[in-house]
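Okay, so chain A shows up in both of these, paired with chain B first and chain C after.
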Partner chain A sequence: MSEKVKAVRAYRRNVALALGLLLLVFVLIPVFVKSPYILNIFVLVFYMSTLSMAWNLLGGMTGQNSLGHAAYMGLGAYASCLLITKAGANPWLSAIFGMIVVGLVAGVIFYPCFILRGPYFTLVSIAFGEAMRQFIINSTFFGRASGVGLPFGRDSWLDFRFGSKVPYYYVGLAMVLLIYLLMKKIERSRMGYALRTIREDEDAAAAIGINPTKYKIMAVVVSAMVAALVGFFYASYIRYIDPDLMVQAKSTESVLPAVVGGAAYVEGPLVGGLIMIPLSEFLRAKYSALLPGINMLLYAIALLAVIRFRPTGILGWYMHSKTKKFVDEKLLRKPPVEVFEAVELQKHSGKEA
Partner chain B sequence: MKKMIALLSILAMLLTVLSVPAMADEEPIRIGTIYAMSGGKAAIGENILRGIDFAVKEINEKGGVNGRMLEVVRGDHAGDPAQGKSEAERLITQEHVDVMMGCHMSTVTEIVAQVCTQYGVPMITAISTLDRLSDPDHEAMDYFFRLCPLNSVYVKDMLEYLKDSAEQTGEEVKTIAIFTDRAAIGQELIRCVELYKDEYGFDLVATVDYTSDATDLSAQVLALKQANPDAILCDSYIGDATLFVQTLKAQNYTPKMIVAKANGFTDPAFIGNLANVANGVASVVEFNPDLINGQEINEEFKAEYGVNMNGHSAESYTVVWIFKTAIEAAGTTDGAAVRDAIAALDIQGEFPGGRKIVLPYDRIKFEDYDLAGEPHYRDNIYSSVAIAQVQDGEWKTVWPFDFTDTKILYPAPLQ
Partner chain C sequence: MSNTPIIEVQHITKRFKGLTAVKDVSFSIREGAITGMIGPNGAGKSTTFNMICGYYPPTEGKIFFRGQDITDKKAHEYTKMKIARTFQIMKPLKNLSVLENVVASCYFGHAAAKSEREARERAMEILEFTGLFDKRHILSKDMGTPDQKRLEMARALATKPELLFLDENMAGLNPAETEAAIELIRQINRSGVTIFLIEHIMQAVVSLCEEVIVLHHGEKIAEGTPEQVMNDPYVMEVYLGTKGGAAHA
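And then the complex of A and B:
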């Protein structure tokens, strides 16, 4: 028995080591990569993947396809920017304020929608995004169509303002990690099981005592708050926001990394973001000057190819591939399933004894 | 396998040979451009890039700048500020451009200008008209210069035209109304008219707005009809501009003067959509083929691209010449030196070794100055616009009076 325990422990250690190495690579990138352009792409990857994780909580885990995430993000950006520019508040506090505002707005707006079933949520999310955009365009307080700019000035952690990319890189990395851990936590919690049950069969969920409306609202609120956090990060990084931030196309952009990476997995948006965003940037840098728009076309083709041939996303393919088998067995030395079962059994019997 | 490798290496060598320009003995001077080349605003980007290419070709044919060729490195912002920022960083840090031009949305320009200032790359915008780009908040953005007039100068010139028009029409304009979009362009028009109307003694009798891409404008036209102003000032995108004039016609309302702030009204489709009904509509133009200084270049431009030079092409053409003159004066492409040379530049009448200024003014000098009581920085203080009017289905320059021989068509016939 002890050999089996050792094998399982060794495997877990290997996995932790692999993840630690991966993290170390990301932590060390700014030390070796000095090009601001490349760092900028990583920052893009970080915040778009985070936004996509927010979408995935609803779209992937709960099965509620939102097409309004750009609006949560934009609203979060506006709430925090206005608090900074109009009241002179500290940006970090404004971020929390933005998240709370967006969480409340999302909860209040979508509570009645969840009484309805089917595609209504998607429709309302589209309408919500456009309504928010129109509201801002027509409101003097929100700066109308001219947008809101954040002040430039000396580098400062207090004001979350830097000339260099490096601080944004690390804050972005921390944000991705934090949100990833949060999503992982949710997935493994009671809420995660409830959400997945709702996704599979809402009636069955209700029959076994899960309140679908309650959990769906929780998911929307958490998802919107994360999107608002991304909005704050975006605004601090670009230092200018306008209502175009909320256009429909931006909402779609938040869906893509999740779908390409694999919406069924918490890691999906990360994998998708890490592949699709550098690809998009590369295509633009390489081809947009030769044939304007060709980058979008190639991007679309890449996307169609994934959807056509790997509808479960890149992770969906990887999970059942020989590559994974090779990585698991040869590199990480994963013991066979029986060993895991035996170790679990032993643990439980040990406790009882 | 060996064959494969051999083949690939030959291919790689071929590609390297092909990608090195013929005159490789001296590094070219690289001009970065950031405009929307894809997305909904791509058509505007195309006109701008034509103006740039035309100037670059002309300069290279005459031997380049200090013996070095000019080369354009294009970036695409697709109308998105975040993409503009990342393109600016790419052009500066990866492509090592010496100077930068852009953009055609002022909000993107603002972000690109910040990046350029951070890296010490001189930048001139040919067409970004938003006032705030040169206001005190942007005083520190000292690598950024603006050639074109500010929005308030556009509107000031529109009002100036209304005042001067009495000379030809015999009737003085006393009351004005605004018809415009709720989007950013309209907000700017309203703001600027409010700023200057008292100075010119005009009475603003109505401000009528609508949401972009309107399907019906009859209520708005009715409101204008009731206010019955001597002149209507407007700014719209092409669809709304067309619908506006059609609705005027449908309601049988013929305002005596309509003056637009370009945009949709000067879109090539505007006259195409309306034919004779457009006759009499006037608009601000940055350039018009019949301008006395512009006729010659327009012929050559048309021979090259098959279309008339427009305001955007003419202004971006001029910016390339400004860079040439400044780099020659500085004797280097060092960012700070070129910046200082641009700041010290004073072009009077014509460029050294080039043609007369093709725009409706005859001097270029970037200065810090006061505009409506607020300090502004590094704008070309001599820039102004012309007013053109649709006459017989064509844009004819009617103002300033000494840049044209055409007289104002009054009242606007709209038929």
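And then the complex of A and C:
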């Protein structure tokens, strides 16, 4: 028995070590990489992956395809920016305000869609985004089409304002990690099981005692709040927002990392974001001068290739690949699943480990 | 044993657009017993079942649970009342493993697990009990019909019901598997669970049920012990076809 415990511990240590090294690499990147262009791409990866994780809570875990995440992000950006510029509030508190506002709006708007079954949610999410954009374009309070700018000034943590990209890099990294841990926690919780059961079969969900409407609302509220946080981060980073933030194409962009990485996995948006966003930036930089729009075309081809040949995304492939087998068995020395269970059961029965 | 029936169905009717699937049916289910419902294909058995389980409301009539009117209760409120069901057309959570399917159930209902650990432990016990333990890491979509039927049962049991509805949970099983399933149901009943089942396999109905209700064209045409029902001339004529009762309908 204690052999098994040792094997499990050794494996956990190897995983922690691998993850620790990965984190260390990300922490050290700004120390060695000084190019603002490259750092900007990393910041982009961080916040777009976070937005995509927000999407994935609905699209991947709950099976509710949203095409309105740019609107939650935009609304979050507007709510926090306006509180900063009009009321002089502290940015960090404004971020929380933005998240609450967007969470409430999403809950109220989507409650009726979830009582009905079917594709209503997706349709309403598209309409919601466009309606919000039109509303802002026509509202003086929201700055109409010319948008809202955040004040510039001296570097300050209190005002979350910096000339360099490095602090944004670290805050972005912290945000992506925090939201990842939150999603991981949700996945393993009662809520995570409820959402996945709803995704697989709503009748089965109801039969075991899950109220589908309640859990779908919870998912949309959490998802919208995370998107609002990304909106706040974006606004603080770019220091200017306008209604174009909410165009439909931006909502689609939030879907891509999850779909490419593997929407069934909490890690999907991270893997997809790390690949697709640099790729998109690279294509833009390299080819858009040759022929305007060709970068989008190449991007679309790359995307179609992934979806066509790997409908479950990159992680869907990886999970059943020889590569994973090799990594698990040879590098991490993962014991067979029975060993984990034996250790788990033994722990519970309170025996000496 | 108490005198109020655990379920009492009063004059329920279900109309789908033009079609009357169930017509003015009344019966009751005795607490602690195994009650069966039989009838030819399309007789309205599943429809009756679905109304009692809150899947859809009856067009007319009322349903009582221990004397309380539950006609308008939603499907998701049932496991809180300690009532669980299976589906005739299985609804496994396809992309989840067998274990995860059952863990999900352990998280809900009147005895919802408080922690992941508790949910997993209870799920393991139920998998062992229903004979699915060795398949716990398989995706449920990759299993055959007999195992998916078992999974339906395991998921229902995971909510710790006092009243269990089984809709053709033995269809597609071979004789040995049927025998095992009968034993399993008897064991569940002995542990104190009232059972209401729909079944085409007569061997199962005869050996398990104390009481049988027969539906035909949406109407109740007989009720009583299996022997009484089998010997009812009308039942023999419309349902069993030949005298003495073949093993299959």
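We take it that the second predicted complex is superposed on the first by the 346 of 353 C-alpha atoms of A that agree within 3 Å, B and C clash if a C-alpha of one lies under 4 Å from a C-alpha of the other, contacts with A are read in each partner's own complex, and residues count from 1 in each chain.
Keep in mind that, in the parts below, contacts are C-beta pairs under 8 Å (C-beta built on N, C-alpha and C of every residue); 3 or more make two chains touch, one makes a residue touch a chain.
What you are looking at is a predicted structure, and each value in this text was computed from that prediction instead of being measured.
In the superposition on chain A, A:Arg196 makes contact with chain C only, while chain B stays out of contact range. When both complexes are overlaid on chain A, the residue A:Ala264 reaches chain C alone and has no touch with chain B. After overlaying the two complexes on the shared chain, residue contacts for A:Val337 are found with chain C alone; chain B is out of touch.
When both complexes are overlaid on chain A, the residue A:Ile210 reaches chain C alone and has no touch with chain B.
In the superposition on chain A, contact of A:Val255 is made with neither chain B nor chain C. For chain A, the partner touching the most residues, choosing from chain B and chain C, is B. In the superposition on chain A, contact of A:Val176 is made with neither chain B nor chain C.
Put simply, chain A touches chain B in their complex at residues 35-37, 40-41, 44, 134, 137-138, 144-147, 149, 151-152, 163, 234, 238-240, 242, 244, 281, 284-285, 288-289, 292-293, 295-296. Looking at the complex, you find that chain B touches chain A at residues 37-39, 42, 45, 73-76, 79-83, 85-87, 89-90, 93-94, 107, 110-111, 114, 118, 137, 140, 182-184, 187, 211.
Against chain A, in their complex, chain C makes its touches with residues 53, 55, 74-80, 84-85, 87, 91-96, 100, 103-105, 107-109, 112, 116-117, 119-121, 124, 137, 155-156, 158-159.
By the touch rule above, chain A contacts chain C in their complex via residues 188-190, 193-194, 196-197, 200-201, 203-212, 264, 337, 341, 344-345, 348.
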